[in-house]
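If you scroll down you'll find the structure; I have some questions about it.
Should a chain be cited, it is by its letter among A, B, C, D, E and F, assigned in written order, with residues numbered from 1 in that chain.
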Amino acid sequence: MSPLEIIILLPILAALAVWLGAPARLTSLVASLAGLALSLVLAVQYQSHSGSGMAFTSAHTVLTHPHIQFAVGADGLSLTMALLTTLITSAALWSIVDKERIYYIASLLISAGALGAFLTTDIFFIYSFHELALIPTLLMIALHGHGEDRRAVAWKITIYLGVGSLVLLAGLLGVVWWCSPESGLTFALADLKPVSSNCKTEALINLNFFVLLIGFGTLVSLFPFHAWAAPAYASAPTPVAMLHAGVLKKFGLYGLIRIALPLFPNVIQTPWIQQALLLMLLGNILVVGFITIYQRRLDEMLANSSVMHMGYIFLGLAAGNALGQNGAALLMFAHGISIALLFLLCGKLRSNLGTLEFSKLGGLATNAPFLSLTFGFAAFASIGLPGLANFAGEILVFLGAFQSFSEQGFSMIHVVTILSLWGVVMSAVYMLRAYRKIFFGEATTGLFITDPTPSQRVPMFLLAAVLLVVGCQPSLLLNLIQSAIGAK
Amino acid sequence: MATIIVQRPTLKWHERWFITPFLKGMRITLGHAIAILLRKKKVTMQYPEEKWDANLPEHYRGAPALVTDEHGRERCVSCQLCEFICPPRAIKIIPEEIPSEDKWAKVEKRPKLFNIDMIRCIYCGMCEEVCPEQAIFLRKDYAITGLSRAEMVHDKTKLYEIGGVRTGLVNKWNELK
Amino acid sequence: MGSFLDNINLAFLIASVVKIVFFSFMVILPMVAYSTYAERRISAIIQDRVGPNRTGIPLTILGFKRDLSFAGLVQPMADGLKALLKEDLTPAHVNKFYYWLAPCLVIVPALLTAAVIPFGSELNLDWLAYFGISGEWLHKPIKLVIADLSVGPLYTFAIASLGVYGIVIAGWASNSKYPFLGGVRSSSQMISYEIALGLSIIPVLMIFGDLNLSKIAQYQDANGWLLLPFWGEGLTLGRWLLLIPIVISFVVFTISMFAETNRAPFDLPECETELVAGYHTEYSSMKFAMFFMGEYAAMIVGSGLAVTLFLGGWSIPFGGLLEKWTGITLTFHAGATPFWLGLVHIGCFLGKVVVFIIFFIWVRWTLPRFRYDQLMKLGWLIFFELALANIILTAAILMWFPI
Amino acid sequence: MSTLSLEVFLGALALVLLLVETFVTVPRKLIACAAIGGLLVALVALFFCAKDAVPPGLVEFYKVDSLALFYKGLALVSTIAVLVIALEYAPVINQFVAADPEKTKEAGLGEFFALPLIVCVGLMVMASAVDLITIFVSLELTTVSFYVLVAYMRRSASSLEAGVKYLILGALSTGLLVYGMAWLYGLTGQMTLAGISDKITHWQGSTAPLLFAVALILAGIGFKVAAVPFQIWVPDVYQGAPTPVTAFLSVGSKASGFIVLSRVVTMLLAKDSAIAPQTEQMLLIIAGATILFGNLAAIAQTNFKRLLGYSSISHAGYLLLALACTHTGALGFTPSEIVAFYLATYLPMTFICFLVLAAGRAQGINEDIAFFRGLARTSPVLGFSLTLALASLAGLPLTAGFMGKFFVFFSATLEGNYASLLIAIIGAAAGFYYYFKVILAIHSVPEEKLPAIRLSALSQTLLAILVAAIIVIGVYPDAVRNLLVK
Amino acid sequence: MVTLNHYLIVSGMLFAIGLTGVIARRSILVIYMCLELMLSAANLTLVAFSRFHLVDGLPDYNAQALVFFTITVAAAEVAVGLAIIVALFRAKHSVDVEAAGKLKG
Amino acid sequence: MPAAFFYIFSAITLLFGVMVVVCRNPVASALSLVVSFAGLAALFVSLDAYFIGTIQILVYAGAVMVLFLFIIMLLDIKAEEHRQPNALAIVGGIALAVIFVGQLGYIVSQHEFGNRTTADVPILFDKAAQVQKLETIKSDLRAGVLPDTKLVGQTLFQRYGFQIQLVGALLLAGTVGVVILSKREVK
């Protein structure tokens, strides 16, 4: 049994145990922390031993024809994502206090889905595990979410993700069809060959890639398909928002990096696809950025900012080179941690204050200096302040994009990159404005908040620490990532 | 009302399946048929040729009729009791004074019209019972026929024709009274 | 030989018409009439009465002293005349068209069923040659059956089952309570007993291996009646064993026939005491008479079928044995049956039918009427199962003792 | 051992049970248990049945290939499940059959438990039927039994209405089917599918009459499998019929329709068939319409049973789509096998829904979705099972339902049939909505406290098996594949 | 002359008549009768074809066997159907298709 | 002669078939159906299918339709006479029938096999007599008679014995169902 299987199974078993009546908090925390520890160990071990390729593999055939295996395996990218997942899961679970069992079960299931998706090496299971989160998300938002229209919002996210995943399924089936070896259809990533297009099939292959892009893109809230994300995060209970925005959303990007880009090499360079992608991500950055600026509530602002930041990651992918992809992967990690931390804090504010409207907030820093500090830290990370994890990612993305520009000569990506740099400014605007409005300025009457208890501070510490560590020493992760994607 | 519960006989299997009862019944009817065919039994009489007249019982009630006494006088005094008592209202009487020139004038009335509708008559004998003058009697006639309704209405003449003369006591002239 | 239709030619048509006229109008209809007479006479005899014995030639009208009575044999004609001359009343509340249709629907199927029943072996007309008549048709003996179908009993049942429409329609069209109940009763009764009826003859058909009634009669002529297997070839143990199912068949068939023809003790649809004569309460004069004629015609045809299936049809009782002993030809020989023997066969057939009808009448005047639930129970719970078991029994016997 | 002996055995068992029901006073529950026992024996025996073991006289009509064996197993399993559900549902049956339910606790139950056996015989024969007469007779055997079962609750107007609707449309489909068969026979002069197939491949002259016959036959079978536009009976009948019967209709009847359809379509779409392209077109159009109608119409439903009816239509659409895609060689499955696989996945998830529905109805919970609010709280196990089943129906991965859809989507992809794929995706997306709607209701907090639904031990066992089946097929589809492709 | 196609046309027309009745009429019983008409039309087609497909010089009795089964099945269907209709009538006192309209949606 | 026979009985069949649909009184419909079936039986006979023809009368006209009449009377159905027919359904039905017949006309025009008469496909008694095995059938065939019933029986019981058993099960299920549905409980 591969340790990866244990990592995947741990949350599932924990969820089962909680459902059957085991002490919820204890069980789930133990499971998640064990997972975190295990993934850390594996990451270290991976780096010190093999350093490249798939490690810790194990495979059980579940269907001979077409060939489907329950195959696990991890390389640097997977391990990074697994680390991200286990980290945020631990933080999210820790943050749940005095809630019903379903909070724990749902969080664990979402976590398990994410872990499964990141750690399996068979397209079938990569896809399947991701869907595990669908029902818990729906239930949590619809039944335990915030806001009047939480049901509508829950349906929105479910239908968007459902349709997106179905489109994705069609694309993935296409992938299997194009890339399978002569010996028969297979879903094992390792056996799939990068497609070599000829003139006849080129259009179809491009189409297939585009379908994949739409499918994955919907899951990541790529611009025209992003409408579900912001309201959903705003309405979702804190742990679900953390997990979803921090981890699950990254699945689409992971899938693109893992499946679409390597198996359809150079298709991203096809002009119309690249241009479409660039337009869409520009939409993410600028349009959603503007929308974010005009938000009146903290949770909605954070949700929108999360959508906006996806644009940068797509920019890294659109660059079509290893540098950009490395940056994208790093940014995925960093953004996941920072947004999770922000949602965690936001949840804390909401539960204490009962409202998140900027107009009603102000001057909280006097009563809650720790909260204020942490929030500021996360906000700066989100903006991309040097020394914090996001900065490393963003800089790599931009470098990658420029590198692509130098290869191709002046093209559209040049314009987009420059425009998207303005996005950084925008995010600085809304983040700082929100930070100032909430924690400084005039204290609004009737609001009272204290700093979290030491126990509650643990997840915040944890996430903030990771942001700091990775920000200061990005090579820790970059080595891992590069081992999977390639350095250049 | 007292309820009497009749115990049904418990049937044996062959009885329940109608086997033996059927055969028994067939035997009985066959017996009757054979008896008739072999002329062992004779019940029905060939009517117009053979008649029962000789065997009519004493109390037989046939057609009602009026009688005269030994003097040829109508016994009926038109009291109309029979007309009233007659259940089917078959009798119709119109009384009249006996004209003074008549031999029996001054005594009583007599019927001017005395009709008995034989289609209506039910041969009950009430008229006979009720008659104070013993003027109406039921005869042993039974074959009363006719070709029209009118013919079936016996008028006074016809009634006297059937009835004939009756001798005997007539209360009205009973000196002892 | 082509299809059925191609076989129709003029000679066939003429022969058919002659047979139809003879059998339907000269045999069955008079028999219907005289059945009513027999009914009245026999019922009278059974009930220690005399019955109609007087209607004859009314010589008294002509001034004679006495009528010629012929023991009342003219009675049916008088009845018919009466029915024709009576006022034909159509009540105002009836559904006119169906009210008029119903009597026809009763009598037509009853007469149609007669078509497949062989009423004689065959008639050899070659003696006509002595009288100077010639023609090829003379030497081709006439088969004494109107339609020599290969689906004889089935045809009979099929057409006979149409008879119920008359009764049902009569009951319904009368638009009156009692006739309606009678019609409903009749339809359910006929449907119920049709099953037992059909199933009861299957053992017989299994034994003959043929559905052609002429062939069935010929077989019995040669090999002994089903109920009297005393002569002919193949008198094996099997034949004798088969008597058991045949008797059962015969009983079930006969009783079902009673029910199908609405005869007592199964005359629930027309029972006077409950339903005021049932479906023909609202009918009068000739239409009423037609119901009667239909009933009696059905009875005659049913008797004919029973006779053909079980009692050797037109064959002479013990004909085979007598032929052996006396040496006179008494059985059927295809194409060579003497003319007189043909006539004798017709006579035999009619005689058997008459006996059967007398049995019908005898039963009617013996048994009381069944209750409706008894009737249904009898049909569904006894005869149906009995007939089924009988089929299996016959099959078993035929399997182990092939004849 | 020939599978025929199993069918004879089950038929005899049904007869014996009916006789026992009539003449012996035993608790009716025992009859159901005996029937279940018999079916289990048959199911076990089925594994020892050899392929192609057919009595000599029946070779032309009766075929025992692995597909037939699989469908027979499906029939047996679904009958067992139906009987278990029927046991749960017994109080309702009694209530609507008996004149005085309080006094006669078991009125009408004996026949209700025995009739599914006869249906099962029909289904099993149908799985092997390869000539027109056998197909017709076995199809009618199940259909007529279903008429009775659907209308079984004779004091419930809705059951009777369902019966009448099923009856009229069923008879109509029979008419179409027979007329189509008559033409097919007339044109080819053959009664066996093999013979007809032979003639079709060497067809000369106009194909119009042939297509006419085929269209009629497809219409006739379309009724049985609830394909648009012949689906009009489904919602009403599903809603009105007794719940176990609805379950049987939705799995058994549908499966039987599809085995016949598979055999016919396989014959028509054979390689050199003269009418393959047109038939495929016909099938694709029907399939697309069925998927769209079933899924879109289901969205508005508020009655769970009715919703399952529309869901059943939509699944029929996917199955038809699978049948129409012939280029599935790369999948290692023939279209017929994909259909069989799909039905195997469809069985457990549907039965769970109906089991919960039946048990709920017997314990006073209406069939409206609103009445299931908070089920996950009152009866956590049922809530979980139902959630799983609905997720599976919606086609969520790692459940059985996904595997079925997966193959259908895959075969459409391999066929290059992108329009159908698009329609299938639209349908599946709609499916997410209406199935999840129920899931949401189950998990939401009810306004008033509902009584918990209790299951008998037998039903609990069944539930466990079905849940296990959903998960096992979902994560280890080879389990079914190994049964199917021997 | 009368050809096979004549028979086919007649049976097809009969089928169409039945179909019309099924669609146009409202009374369940009449609808049911029309269904019987359709089945009979199918039977006529079968018999016609069987007469013209000689097997060993005789009509093809396989087809007539199917006719036999059709008739049997139709009879059974009618019995069950009428029982249901009677039960429905007892429950609702009407036999119109639209009266049977409690189930809608 | 055969042509006349065909046309007469086709006309009867179709005409009364139409009557079934047109008549508003269910009794009239039922009786029309009976007549239509009778015509149909005659058509069967004209196709040398005596047995089927007889069965058609026996089962349909004799039993099934009686059952219908019985039910019509039992339920006393007259209501429809006072109701407005559904115009849309009628137009739709007629349109469908017209389309169907048109389609059929086209199909038949494409069907070359159908352009033969019975005379073109004569029954070959001699050939059949050689092939058949059963003695009674053989003798009938030799005599030039079509032993229709025997041949149907032979086909049914020798070839389709299994299917007959299935039909038996079907009838059993039907019977049980009818009893269940119409049983009146004794309280």
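Observations, loosely collected:
To be clear about the criterion, contacts are C-beta pairs under 8 Å (C-beta built on N, C-alpha and C of every residue); 3 or more make two chains touch, one makes a residue touch a chain.
Since we're looking at a predicted model, the values are computed, not measured.
The chains that touch chain B as well as chain C do not exist here; no chain meets both. The minimum number of touch steps separating chain B from chain D is 3. Path length between chain C and chain F in the touching-chain graph (shortest route): 1. Looking at contacts between chains, the pair that accounts for the most C-beta pairs is E-F. Taking each chain's centre as the mean of its C-alpha atoms, chain A lies 71 Å from chain F.
The centroid of the Cα atoms in chain D and the matching centroid in chain E are 26 Å apart. Centre-to-centre spacing of chain D and chain F amounts to 32 Å, using the average Cα coordinate of each chain. Each chain gets a centre from the mean of its Cα atoms; for chain B and chain F, those two points are 68 Å apart.
Across the assembly, chain D contributes 133, 137, 140, 144, 147-148, 151, 154 as residues in contact with two or more other chains.
Each of the following residues of chain F touches two or more other chains: 2, 47-48, 51, 55, 63, 67, 74, 104, 108, 111, 113, 118-119, 123, 125, 146, 159-160, 163, 167, 170, 174, 177-178, 181.
A list of each chain pair in contact follows: A-D, B-C, C-F, D-E, D-F, E-F. Remark: chain D residues 132-133, 136-137, 140, 144, 147-148, 151, 154-158, 160-165, 167-168, 171-172, 174-176, 178-179, 181-183, 185-186, 189, 191, 235-236, 239-240, 301, 303, 306 touch chain E in the complex. Those residues of chain F that touch chain E in the shared complex are 2-3, 6, 10, 13-14, 17-18, 20-21, 26, 29-30, 33, 36-37, 40, 43-44, 47-49, 51-52, 55-56, 59-60, 63-64, 67-68, 71-72, 74-75, 77, 79-80, 83, 85-86, 89-90, 92-94, 96-98, 100-101, 104-105, 108, 111, 113-119, 121, 123-128, 131-132, 146, 151-152, 154-156, 159-160, 163, 167, 170-171, 174-175, 177-178, 181-182.
On the chain E side of its complex with chain D, the touching residues are 8, 15, 18, 22, 28, 31-32, 35, 38-39, 41-43, 45-46, 48-49, 53, 60, 62-63, 65-66, 69-70, 73-74, 76-77, 80-81, 84-85, 87-88, 91-92, 97, 100-105. Listed in rising order, the residues of chain D touching chain A in the complex are 330-333, 380, 384, 387, 391, 396-398, 402, 406, 409-410, 413-414, 421, 425, 428-429, 432-433, 436, 439-440, 443-445, 475-478, 481.
Looking at the complex, you find that chain F touches chain D at residues 103-104, 106-108, 110-113, 159-163, 165-167, 169-170, 172-174, 176-178, 180-181, 185, 187.
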